[in-house]
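Chain IDs A, B, C and D follow the sequence of writing; residue 1 opens each chain.
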Amino acid sequence: MIRPVRLMAFAAVVLGFAAGIEQRAASGQTPTSGGPVDPALIEDLVAANRILTQQGVLDESGHVSIRHPANPNRYLMARSLSPALVTAEDIMEFDLDSSPVDQRGRRLALERFIHGEVYRVRQDVSAVIHTHSPSVIPFSVTSVPLRPIILPAAFLWTGVPVFETRNAGVPAADMVIRNRHLGKALTNSLGDKRVALLRGHGDVVVGPDVRTAVRYAIFTETNARLLIITIGLGGGPITYISAEEGAARDSDPGIPDRAWELWKSKALGK
Amino acid sequence: MIRPVRLMAFAAVVLGFAAGIEQRAASGQTPTSGGPVDPALIEDLVAANRILTQQGVLDESGHVSIRHPANPNRYLMARSLSPALVTAEDIMEFDLDSSPVDQRGRRLALERFIHGEVYRVRQDVSAVIHTHSPSVIPFSVTSVPLRPIILPAAFLWTGVPVFETRNAGVPAADMVIRNRHLGKALTNSLGDKRVALLRGHGDVVVGPDVRTAVRYAIFTETNARLLIITIGLGGGPITYISAEEGAARDSDPGIPDRAWELWKSKALGK
Amino acid sequence: MIRPVRLMAFAAVVLGFAAGIEQRAASGQTPTSGGPVDPALIEDLVAANRILTQQGVLDESGHVSIRHPANPNRYLMARSLSPALVTAEDIMEFDLDSSPVDQRGRRLALERFIHGEVYRVRQDVSAVIHTHSPSVIPFSVTSVPLRPIILPAAFLWTGVPVFETRNAGVPAADMVIRNRHLGKALTNSLGDKRVALLRGHGDVVVGPDVRTAVRYAIFTETNARLLIITIGLGGGPITYISAEEGAARDSDPGIPDRAWELWKSKALGK
Amino acid sequence: MIRPVRLMAFAAVVLGFAAGIEQRAASGQTPTSGGPVDPALIEDLVAANRILTQQGVLDESGHVSIRHPANPNRYLMARSLSPALVTAEDIMEFDLDSSPVDQRGRRLALERFIHGEVYRVRQDVSAVIHTHSPSVIPFSVTSVPLRPIILPAAFLWTGVPVFETRNAGVPAADMVIRNRHLGKALTNSLGDKRVALLRGHGDVVVGPDVRTAVRYAIFTETNARLLIITIGLGGGPITYISAEEGAARDSDPGIPDRAWELWKSKALGK
């Protein structure tokens, strides 16, 4: 049973009913809300933050967003907060310029522009994750490509580009994706892929829904870790997942909810 | 004290007394049950799922089965569920075609055919485990053989074949062992060994009973991890466990129950 | 609510009100106290001990100090105790000779001279950490330089010297920084940097405040671990954080409190 | 408060007062007891089992013993049981032939002969530990010597021999130290050192008391792990702890009780 008081507080956050907006976003005008969102979807978004932390993919920073189900020009993401601490009350709504619908003085994630620019271009994407996934870092600072070797990471078969801020054509002295221009450059680098690495920084992972994107983020980390070990083993040519195998897996990804169920149970406690 | 109501529910599951079968198996006819099973054996099977998860051998997927003690043409395995969440109520019974005795709408593990086909051919085997054991993956995608270096993994001395779906002679575009033909091809690859790797996927481990198979699965992972480190050390020839040492250990495996006792206590809580 | 009795005990420790001084420091005269310290600052110092342990940077030894906010010639640090066990009651006050203001028989950290000598020379520093940070050790016993590859460790761009006791010009047969002379030699090696390694021993990390120093210590460990893996990957030239990127990050370090908030919550329990 | 009943049960175990001896030891005659032992010493022995498990040095097997304080020809060690589960009630007494004073049907550790034979020869030793310490394994199956690089493992400076059962001059087909002859051969290999590796198996660690031996076992594992990483870094010559540094550290080992205090608190719960 959810208590009515909490439900109202929650509605105030998501629907933008709150009166006192203490701090305006950078863009001139406050965007309108896409409307109420099914609490079950918000619960999945919160669970995604917790799961990715529990699985070692997110650390003290990084973020997860979903596209607004009723308005494709809005997305939902937590205020600037460690993912491990995110609750439903922390979820905010943004337009594709990454301006908040109802900021109310809350601190915004600096790199939210990653999300807005991806949603603008990739109509097939309804969830975006930005991580500091540790095992992908070595692939981002060397010329060794991150390719899939394990079945549950077969989705990497289409390739994993590396985004280099030095070549972004936009000033980015501190490597942070802190404006729309850098978000757009990163989105260009991502192309039609599911994962792009950010050099010396982490990755961006996209999917058709938040559970799929979480699965992609977790198995990208697992695959990277096992590929590092495999390369270290030095046993001649490595058998990667082939294009045929990857495409077959895409069309029948097994029983993904089984993993989600376990991850959620571990992340949120029994 | 187990409450009578729960005992009855449990009996219904294992013995197939339940009336409403909601979904038929693929094979035309529902197989008959091999009869009641000692709850202590079911408890070991459940513990095996939990132990292998706690020890990092099983993750969100993978499965453990035992041969039915009263009917060698039946085996017992959980419905499709993460091993960490398996309870006695989730255990189902299958024939060697991997058709369920009493499905009642429960989702079946896609790769159950591994189990049925191994039991059909290997009369010496009464427990089968399929894992995504992380440290065996590098040996499955390179030409480096997985050989034993530590005493408790001496059982690997007979060799560890690698099953490659591309060479299975059966269509397996997505590498999943999703039918009897692939289960049979994998069983051929396993031969008379205790462990076979599945390329880019994990392994299958077999034993005369579930406690022994669990021990094999755990020390296969441990040995793989330490062999990776040893090879990385680059200190010239490696001293592997010899055939003589392996055979001697086979005939006197120490005090295996001591480890089982600890693993179970850690996996199920004190 | 803090109970008055405990508050008084705390004041006695920090302010040196206790009557019975059971053991004199090495220097002839007991130094005077710098005066009371804001309990919130002490709480940060205690949290720093716990956070660095929880994050795997400190182990059974190592220590964290802060400069006294009211007297730059005093610093505050726990008595000799594993950092995981430190409470506000364990915090002692020292002068820059590392003599205690109010020892009362408590055992002193052998290597406290690291702290006193750094504070004497580095006016920009108000927090010093000495760790056995595991992943920096390999860089301390080989000629491979520890350089930054990840954004949150960009602060390492100014370089990481290695202090070798054999070259200290001071007897140090057992490598322990057990007197002012060795503390001074180490401080010379540190120069104007934020981190110096101690060969076969660990590191010393300094910052303008304790939260920043904690962040430096944690990301030095993370960066070292990922650089080890990257070097092992063997993929040609490594893209390190550049001087320009490091300087840009120095001038805008993101939202450091977000990480502190999470680390503290993890280290001190929810 | 310890309840009298439990105290009496404890006395029965340690002092051999129990009437019904259900199973005789191999040697013809039951040895006499060395007499009562200070419960604080037994508590340290139990804590050692738990600490070494919590620190990842002991796993489901391995054992810790102390020499009887009143009779140098007796030692105390748990019955065959995973170290994580050992309590005071499980401690048994043995003579130097490794025959139990009061077996009462309890199962004995197969490799107890390691302990008896070391105590027979090494008068300076009052604690013996046998582990499967994972990171020492690679050094036991290659020609890379395990040498100290970190200060707290400086005690390894006198060298770490590797015992190879194939060269023991005694039949040992399965590598298990299952009799006095093999225990003696291992003791010869150990010589006057503190640690010897057992090829493909683990190590034996000895010390003047149980706290010191625990410290040696833990830092042997830590040093081995960091040396593996250091060698993998490939940065030219490695600076090992020198003989001078090792000897200096031997004469002043810091504040070892600080680590014991923390380890015990972690292993036994707060």
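Here is the rule we use: contacts are C-beta pairs under 8 Å (C-beta built on N, C-alpha and C of every residue); 3 or more make two chains touch, one makes a residue touch a chain.
Remember, predicted model here, so these are calculated numbers, not experimental data.
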Remaining chains grouped by touching, subunit A not included: one piece
Chain located farthest away, centre of subunit B as origin (C-alpha): C
Homomeric contact subunit A-subunit B: same or different residue positions, threshold half: different
Magnitude of the superposing rotation for subunit B and subunit D (Cα, nearest 5°): 90
Separation of subunit A from subunit B, taking each centre as the mean of its C-alpha atoms, in whole Å: 35
Cα-centroid distance, subunit B relative to subunit C, in whole angstrom: 49
Per-residue overlap in subunit B, given as positions that touch at least 2 other chains: 232
Overall pattern in which the protein chains touch one another (line/ring/star/complete/other): ring
Chains that touch, pairwise: A-B, A-C, B-D, C-D
Sites on subunit D touched by subunit C in the complex: 149-152, 154, 222, 225-226, 229-230, 232-241, 244-245, 248-249, 252, 254-255, 258-259, 261-263, 265-266
Touching residues (chain side subunit B, partner subunit A) in the complex: 60-61, 80-82, 84-85, 107, 110, 132, 134-135, 137-139, 141-144, 164, 173-176, 199-201, 228, 231-232
